[in-house]
Amino acid sequence: MILHSFKNDYSEGAHPRIYEALQRTNLQQTEGYGEDFICAEAAALLRDAVKSPDAAVVFLSGGTQANLVLIAHALRAYEGVIAPESGHINGHECGAVEATGHKILTLPSGDGKITAPQITELLREYNSPHVVAPRLVYISQATETGTVYTRDELKTLYNFCRTNGLYLYIDGARLGNALAAERGLTLADIANFSDAFTVGGTKNGFLFGEALIIPNAELAQNIKYSQKQHGAMLAKGRVIGAQFEAMFRDSLYFELAAYANEMGLLLRDGLAARGVKFAYDSPTNLQFPIFSNADVEKLSKSYGFNIMGNHGASGSVVRLVTSWATTEEDVRGFLESYTSL
Amino acid sequence: MILHSFKNDYSEGAHPRIYEALQRTNLQQTEGYGEDFICAEAAALLRDAVKSPDAAVVFLSGGTQANLVLIAHALRAYEGVIAPESGHINGHECGAVEATGHKILTLPSGDGKITAPQITELLREYNSPHVVAPRLVYISQATETGTVYTRDELKTLYNFCRTNGLYLYIDGARLGNALAAERGLTLADIANFSDAFTVGGTKNGFLFGEALIIPNAELAQNIKYSQKQHGAMLAKGRVIGAQFEAMFRDSLYFELAAYANEMGLLLRDGLAARGVKFAYDSPTNLQFPIFSNADVEKLSKSYGFNIMGNHGASGSVVRLVTSWATTEEDVRGFLESYTSL
Amino acid sequence: MILHSFKNDYSEGAHPRIYEALQRTNLQQTEGYGEDFICAEAAALLRDAVKSPDAAVVFLSGGTQANLVLIAHALRAYEGVIAPESGHINGHECGAVEATGHKILTLPSGDGKITAPQITELLREYNSPHVVAPRLVYISQATETGTVYTRDELKTLYNFCRTNGLYLYIDGARLGNALAAERGLTLADIANFSDAFTVGGTKNGFLFGEALIIPNAELAQNIKYSQKQHGAMLAKGRVIGAQFEAMFRDSLYFELAAYANEMGLLLRDGLAARGVKFAYDSPTNLQFPIFSNADVEKLSKSYGFNIMGNHGASGSVVRLVTSWATTEEDVRGFLESYTSL
Amino acid sequence: MILHSFKNDYSEGAHPRIYEALQRTNLQQTEGYGEDFICAEAAALLRDAVKSPDAAVVFLSGGTQANLVLIAHALRAYEGVIAPESGHINGHECGAVEATGHKILTLPSGDGKITAPQITELLREYNSPHVVAPRLVYISQATETGTVYTRDELKTLYNFCRTNGLYLYIDGARLGNALAAERGLTLADIANFSDAFTVGGTKNGFLFGEALIIPNAELAQNIKYSQKQHGAMLAKGRVIGAQFEAMFRDSLYFELAAYANEMGLLLRDGLAARGVKFAYDSPTNLQFPIFSNADVEKLSKSYGFNIMGNHGASGSVVRLVTSWATTEEDVRGFLESYTSL
């Protein structure tokens, strides 16, 4: 019997305050397509939170959708995207970016992050019409391996991008976790050091929903056309707006992310104390312990998790994910199970 | 002050039972991406309702998304879509179908419906590589003008399509309204007389959500790839699944649609009794009365509605939409306002 | 036996001077991809001819290719094209423009031309994200029905486009014929009153080839990327360059077009003198006489031509095309055949 | 002064017999769009040469065009292409394949070739809707590094593809060179062991042109639609047809390729005899000697060539290309220059 699943941070429904928010305005009539007062309020809260009073805010239903809408919007037909090989758009979105016509140029990355020198080298090769024109750099914050760009890393990357005529776009599916993990990095920094980014809801207690925020005014122009064209404009836009309103009315969004991280670190520290090594050094709610295959088999009888790959001849890299809905008991149970293997 | 908006059937949140259903399973952990038990149950209920035990069922977040996912999935690059000029994909979806690479070939239509003879004529012209190869016929049921294909009309169209190697796809954004209006037409008929169709939720009391149902097994193959590629696969697929489960566990879906129609007919008959003429003869929740521009101006002070176009020199065609959330009082209030103009 | 085909202006190979030009430089080694001295010379001649010293010049192999390269290059993903319903891109290019993701918004046109008031009306409807954003106006000069925009018409249309943020693109597959027909309209006018246009070669004595000329510097930026991306950059770009060099070294291009028109008018006047009526009033090498179906059948035994459609119960609109390779004898033969029917 | 350029096999115009063929039929009137008797004859010669009497034959103007037309034709929207990282479609075609919506999944390759075990491993990863569905394997014969698949390698790869539901498509831009180099491999083998392939003309003495041959009848269906949609159907299709007719009427195509290889080997053996090492072991007209940077600089004063990359701290990998137009004198001159460095 599975006691708890550490597979994802989207295994449950939503935080109770999400339902409260939706029901509070349920029978009030509004305009459709995100032109309602609820979305307006949520957008205002977000603009305030990112200290970017003129940023465009678009509410979308999921991460792949947000990525493809922004990228298709940003690029001319012959332009391409630079991304780490491990980037979500490259390996987990069924070619969504390519389906909009754009090539992804990948950079190798040990920890899921990429750097200006890597891009410099790539730009040297990509400088003629025989190859696409790189125009946008895609990164994830936190990355797919749970790591986090520091404020300095982000600032350096953004300044490099500006100098080189590249947009910097940050996939923030786990932005809350990144901010909670990285002291000295704020939501306003994210807005200052990027042309566009998402504030992920799905993985942080929402029913669903991401906010695409575009501080770059020129890039933001006509974004609603791109949203509509990709089937990403809900008739009842308010359904996402209300959720963001609930989360950003006070600090709930950050509290849930901090809690998820706390559970992740509890897992990490507990396992480390038991001698477990990790594939990545993650300060967030994604942890990648290396277990022997024998242990993996035993643990999988009581816990759900994903296996990321082999480690040596007889080990595996495992992914454990915690969330707002993970209890301390869930974590302690797992640690005890490991101890008693 | 606006007493009530008749602009849309998606002006409110959701029916209370939608929230109940979502909250009932809220903390149960499930697989992501629609692979959960809630979606499985909802899909089973739908397959049962359409009497098509092997049909593919895909849960999507909106109508434009459903249309573009199915059409992009169905067609080879050089194939095109046949649709009435008034079809939603042609005039209201920001070129979403063309953005996936496919031309829409339009047919004129007085009442929003198209016929086999019209398509026959079109096929005569579209018969060489200098033009796209027509491959799919798109219709809406109910149509954008509130009209409904009868069972015989649908059967004839479907048989024509089969004979001519064309898919028939039915946009069922208001399928409940169509079925409630047209005695002798069942959900099973819809499945029998089409290759794919949607069961619209957004306009019938859901927070959001459409079910794309594909009775044609060959067409259904790999549909999840197309769903993912267009950013249309929610991580928490259960959020749509639970809503369909709530609506199809019993007859709630049909009851809400029938009620919306009832309110539509109350409006229609009330206006007709007052001598108003209509642009289309609609038996559903969309009504298109013709008002003088003077009346339009006065009515618009107390009621919300859309103006579809001019009628003669001094009149307008107005669109009035009722829904599960429209009360009899709302309708009677409107009729009284009209009387007292 | 078919004495002569009036089906097309591309029924023969090439004018002898085309071969001379190709062979003259045959064994000289050059750079590839249009970066050679032959293309440079041809581009210089064209820039001179259009009196637009900074215009970009791109050599392409055909008209559909030129249209799709320019349009895909010019537009953002959510933008659309305005064109006459009879425009080549709408009805004869197998959805090539839509295959690059863009919707074509058509305007009705009796004679193949469109006007600013028509576009004004369209723009009123196309003003929200529910529909694509019109961005480029496509016209043909000469049109598909042989008619020609006057200098004033062109100037008016172009100024309207500029004022409204629209590109004006002229498909010049038969530009030579248009210029030869319309006194007071020069190649420099074409460049002045458009953002981009083609100078068609295929239909005017080339083996193949079109020059895409882009006077609008902002639009021209990175055009070679779009050329390459659509497989439209010949490794031996010189093969097209040499042909344009041959044609624009002196006035050969214009002479051939004028001659083709002359043959067209000989046909027209000869038939008119015999009482024949025409579907369009064309001053160029395309003529559209209306024949009885009985006459069509008899004429088709000795002459090749295309039938464009029915005219009344027992007549047809026929398309007769003359070219640089049509002889006066061919025309007189046809006229005599008609007389002796 | 540059004595000779070894940059490309498309630095000159065309073999004299190409002009003869074009001029022989110059004034004969034909149908357009490849529906003429010259193309029919050329296609018949090609079908005969590949011993595949029912294969579809399509004449295209260049390699990138051929690749994108075939790949866009072959794939459903959610399907992807497998290719060696060094494949032409991946690094030299400005994202042309992605522009048609399809992701390229690359495999590392030391010598430009890929193998069934590599693909097996890739297929293990690509097995869910979160990633594209691999459907077509792209290889080049000869490869971009001058190497050649043997008959056995090709047969093994093809059988693997068939078993796994993958198309095998061979980019034959230098197919003549491959066949001339690899005894025991025939044109009929190429047709037997692939679903589609090109016979390259541009690099083997044509003015321009490639023949796309599709032995797989199901894949060939409607290929002319894809040809037209991508602007790849010349109005005067005969211009390419006549060139293939000239080359395949007798064995000219093979003679030119064999001669180009002979010149390549003369270069290779001459340099090897002088102690030069090579980056790849190529039996064809592409040779990749490793020179010191000092030598590169000196040689570049008299000879044109491309530098592929660094070799160690002070060396470079150079690409030398020979062709039908390279003379023995050109080669001997180069060797002597090298000797006298």
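Residue numbering begins at 1 within each chain, and the chains themselves are lettered A, B, C and D in the order written.
We take it that a residue touches a chain if its C-beta (ideal position, glycine included) is under 8 Å from a C-beta of that chain, and two chains touch if they have at least 3 such contacts.
Everything quoted here is computed from the prediction, not taken from an experiment.
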item	value
From the options B-D, A-B or A-C, the pair that copies C-D, where over half of the contact pairs coincide	A-B
Furthest chain, CA centroid comparison against subunit C	A
Subunit A and subunit C: spacing of chain centres that average the CA atoms, whole Å	50
Interchain centroid distance [CA atoms averaged], subunit A/subunit B, Å	33
Whole-Å gap between the CA centroids of subunit B and subunit C	42
Junction residues of subunit D - those touching two or more other chains	77-78, 93-95, 99-101, 129-130, 132, 225, 228-229, 233
Touch-based graph of the chains, sorted into line, ring, star, complete or other	complete
Subunit A residues within the subunit D interface of the complex	77-78, 80, 91-95, 98-104, 129-132
Complex contacts: residues of subunit D adjacent to subunit C	4-5, 7-8, 10-14, 19, 22-23, 25-32, 61-69, 93-96, 99-100, 202-203, 207-208, 225, 228-236, 238-239, 304, 325
Of subunit B, residues touching subunit D in the complex	33, 72-73, 75-78, 100-101, 129-130, 132-133, 222, 224-229, 233
